[in-house]
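Just passing along the structure, written as structure tokens.
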Amino acid sequence: MSATRRYTLTISCPDRSGIIAAVTGFIAQHGGFIVEASYHTEQDAQRFFMRQEIRADSLPFDAGEFRRRFTPLAREFDMAWQLADSAIKKRLVVLVSRQDHCLNDLLHRWRSGELLVDIPCVISNHEDLRSFVEWHGIPFIHVDMQTGKAAAFDHIAALFELHRGDCMVLARFMQILPPALCQRFPGRIINIHHSFLPSFVGAKPYHQAYQRGVKLIGATCHYVTDELDAGPIIEQDTVRIDHGDTVDDLVRYGRDIERTVLSRGLRYHAEDRVLVCGNKTIVFR
Amino acid sequence: MSATRRYTLTISCPDRSGIIAAVTGFIAQHGGFIVEASYHTEQDAQRFFMRQEIRADSLPFDAGEFRRRFTPLAREFDMAWQLADSAIKKRLVVLVSRQDHCLNDLLHRWRSGELLVDIPCVISNHEDLRSFVEWHGIPFIHVDMQTGKAAAFDHIAALFELHRGDCMVLARFMQILPPALCQRFPGRIINIHHSFLPSFVGAKPYHQAYQRGVKLIGATCHYVTDELDAGPIIEQDTVRIDHGDTVDDLVRYGRDIERTVLSRGLRYHAEDRVLVCGNKTIVFR
Amino acid sequence: MSATRRYTLTISCPDRSGIIAAVTGFIAQHGGFIVEASYHTEQDAQRFFMRQEIRADSLPFDAGEFRRRFTPLAREFDMAWQLADSAIKKRLVVLVSRQDHCLNDLLHRWRSGELLVDIPCVISNHEDLRSFVEWHGIPFIHVDMQTGKAAAFDHIAALFELHRGDCMVLARFMQILPPALCQRFPGRIINIHHSFLPSFVGAKPYHQAYQRGVKLIGATCHYVTDELDAGPIIEQDTVRIDHGDTVDDLVRYGRDIERTVLSRGLRYHAEDRVLVCGNKTIVFR
Amino acid sequence: MSATRRYTLTISCPDRSGIIAAVTGFIAQHGGFIVEASYHTEQDAQRFFMRQEIRADSLPFDAGEFRRRFTPLAREFDMAWQLADSAIKKRLVVLVSRQDHCLNDLLHRWRSGELLVDIPCVISNHEDLRSFVEWHGIPFIHVDMQTGKAAAFDHIAALFELHRGDCMVLARFMQILPPALCQRFPGRIINIHHSFLPSFVGAKPYHQAYQRGVKLIGATCHYVTDELDAGPIIEQDTVRIDHGDTVDDLVRYGRDIERTVLSRGLRYHAEDRVLVCGNKTIVFR
């Protein structure tokens, strides 16, 4: 994604002919210059998905006006849609525990300008990573999980709303979110699970993988739903291991694959490349 | 690519706004149902590329009529374009020498219906593979290279035209084509080179790779031009090796990567997914 | 594996110090030239595994004499061991159904001399692949599964023994072997399963993968035990897919990964590179 | 590599029979417990390479005594050898410019205890990364390259020796070292080059890759010699790109592959897993 300001229009609607023509016709009619365009039909659901990036300076109006003028067309095709403005960065609230490999990677991508988001705060149930987070000039908030989980999760939800979070990132948070919290922010909580789902759901997946004797291990970035490790998958990857690798080696290889997979998933999400259809995702890379 | 008959429209033209709208508008106006749509702007060249797959049964006319009606619009945008009909298979003339791993793979994909092409004949400078080719019911033609290369290549060119070949596939042919032959069929000769180009151009690339001590080897499927191993690259891949691997091991690993890369390249070509821009390709996968 | 005749000594025994010294001392004492040596300690089981390839011509005696002389040392260390002679090829009995992508690959590797095994016969529950198998000069035996599975499997077991099979290869056989048959030939039946186990056990794994929305699919080569798709894994691999891929596309990608994974697993097995420890394998590549 | 103290014995010598027996016999004679053992014969050079990890607490003497007692045997076989003690960490002097993705990764692996080395200082020709390095408690030394390169490189060499560096790491240093400096520390300077060597030597490899239209890009970790980007390769990897990726995208993908490849190469080096043979490396992973 370049530095030029862009509007990103994402649409999902029942499939029929003429959708692309109608949408691109609307854009062309106002002189809009399309920078990137992607389409997909989900056969089982008979739904059509599209994503258009349009150069903001090629249009004679702003995002608000775009939305107003586009509404009748959207209604005609029964679209679920949104228009994102690249000048308004998404706000990611990051939750961590003690392990910092995903956080370290994420903050590096943020401070180098590769990941174009705002990070209003980092929340943790431990104090360990305070100094590292604060060195970045980002507020670090400790939420104690020992003195009652329910209250702690209420606190986290309140902090997320207080900081106007668009997305909650579980960067190896190691705590299972209560179902009510998951249901409250659908499609807005992203987790990195340290296995190639659906294999090895739940705790200690590297130990499970070691016991089963698999020849590759993986990681999965997914939206969190109220069913553990079962939400829509955004991104996955695997890495080869062999019989000589101990559980500690698996954990070490795993860290590399976890941060890579999480960072890709977050970038796709931040750039409005992920559309959800039932329990699956369309990722317009 | 499914079994439904489709027209595939591929276009390249100078970049400007409104192209997608004009083309998809034309299609929608005739009730055309777009099955797959891909777009790309080549920044350096300021050229726009697109590919549309349209269900043939959704249009009220045939390919010939489509071409006639589309011509004015194509002129307006200064398009280079073509419309392929999935009912008319591309004709691949395959050239081999003695090694059969690419041929074996290619003929399997052909007889299983995975690679939707016709193979009017296989040409070789050796007799070794006659029985295998003929078992498939495909004519096998031996062209002797010993009694004069120039005459042999003239013979090959004549056979290619006699069999109305759309594409000449060098499936480990091990002979360097004369420049005149390359120039005569631009974008219509596909080679598999057994290295990750631009590394290890020319003869014995696995020996070169072994001597250099690289940690991965690769293969490259590319269009043949009059400069050796320098034509537009369609597909590449690599595979990990280590210090324990001999040149023979590299050759063995290489066979796997060669057939995979060639088969992908041929599929992309056969499905009109490859557009050439200068010395680069756009591959709409 | 080169053409020079070799003895391959594979050993498994309780772990302690001095094992390597004792074994390599024995070999050195007779002037044996070690070509390849691999070691592994399985921590949980406290067992030691080793594999030595020795040039046959460097020893003053044959395999029989080697075995006799080595026996006391093997007893001292409580070894499970065997000595394979590269001049005596393993005999693979191949079982197929209608799909031939694994068979096609396997027979190519066999006829090109890459896979150094004998294939005394191919057994199938369909007639479809007779002509292709017989073109290779390999007997093709049709076993009818319609008229009673129990009798059919008895017939298969009898054929396996009649042809003195060392290993039964289920090259997409699509039939579940009865537990008694699995137990009768432990470590001697190899299957290719078309998923990345332990995900998607059982029928139609590509459909399962499609429904779950995973971003990579895989294949698994494993020894067959009486628990379905749960035996020791020899080799696995994965390939990336995306939302645009249909189940048919998954099946197509899957074919490539299945044949690759099966061929690697068979090579490891044929070269005595696989040692089993409980439900895991040590693969000395 | 676990936390238990270990001695790592690495050996290179002319190939002959009996080497493994002699070395493992020596170890066994003193009760040494071998944790990991690897062997390789380099055919062209007719040289044998081996690496043994031995538990320090299984031996009745220390590293100094081991070396003294092993010397006669080493002479007999004409060995080049060394014995490393895991309790004595290697000292890595890191050179950087302005880009911090490799440094960020390296320092994270160091502070998390994954990369078991000491980093006595970080040297840079820019001030940009001072705060980040100093947050880690590591001295940051700015060496001005503007006021004379020769003097600057003399300064760097002096700093390297002053800090008793074992290895100089060019973590995207972006400056070509003078040949004399390279020759002074053979096998002790490690560079990460941002291409899949031998393709795209020298400046701006991502631009070169973009122009050539390759379908994968890579990175190479290698020992620095006086010939630019031509030293022995320790590790490489590649990542897939496509026509939609700009040079900026290549740079972004490249950062991920660079840090991964460098970190692997450094770990292999730090754990004495890399042995050099001519212009190639043996890497006992």
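For clarity, chains are labelled A, B, C and D in written order, and residue numbers in each chain start from 1.
In this text, a contact is a pair of C-beta atoms (placed from the backbone, for glycine too) under 8 Å apart; a residue touches a chain by one contact, two chains touch by 3 or more.
It should be emphasised that the depicted structure is a prediction, and the values quoted were computed from it without experimental measurement.
Ranked by how far their CA centres sit from the centre of subunit C, the chains are topped by A. Looking at A-B and A-D side by side, the one with more C-beta contacts is A-B. Inter-chain centre distance (subunit A to subunit C, centres taken as mean C-alpha positions): 41 Å.
In terms of their C-alpha centroids, the spacing between subunit A and subunit D amounts to 36 Å. Residue positions 36, 244, 246 of subunit D are each in touch with at least two other chains. Only residues 40, 42-43, 196-200, 212-216, 218, 232-238, 242-244, 246, 279-283, 285 of subunit A touch subunit C when the two sit together in their complex.
Within the complex formed with subunit A, the residues of subunit D that make contact are 2, 36, 100-101, 104-105, 108, 112, 114, 131-132, 135, 244, 246, 248, 252, 255-256, 260.
Those residues of subunit B whose C-beta lies close enough to touch subunit A in the complex are 17-18, 20-22, 24-25, 27-29, 31-37, 39, 41, 58.
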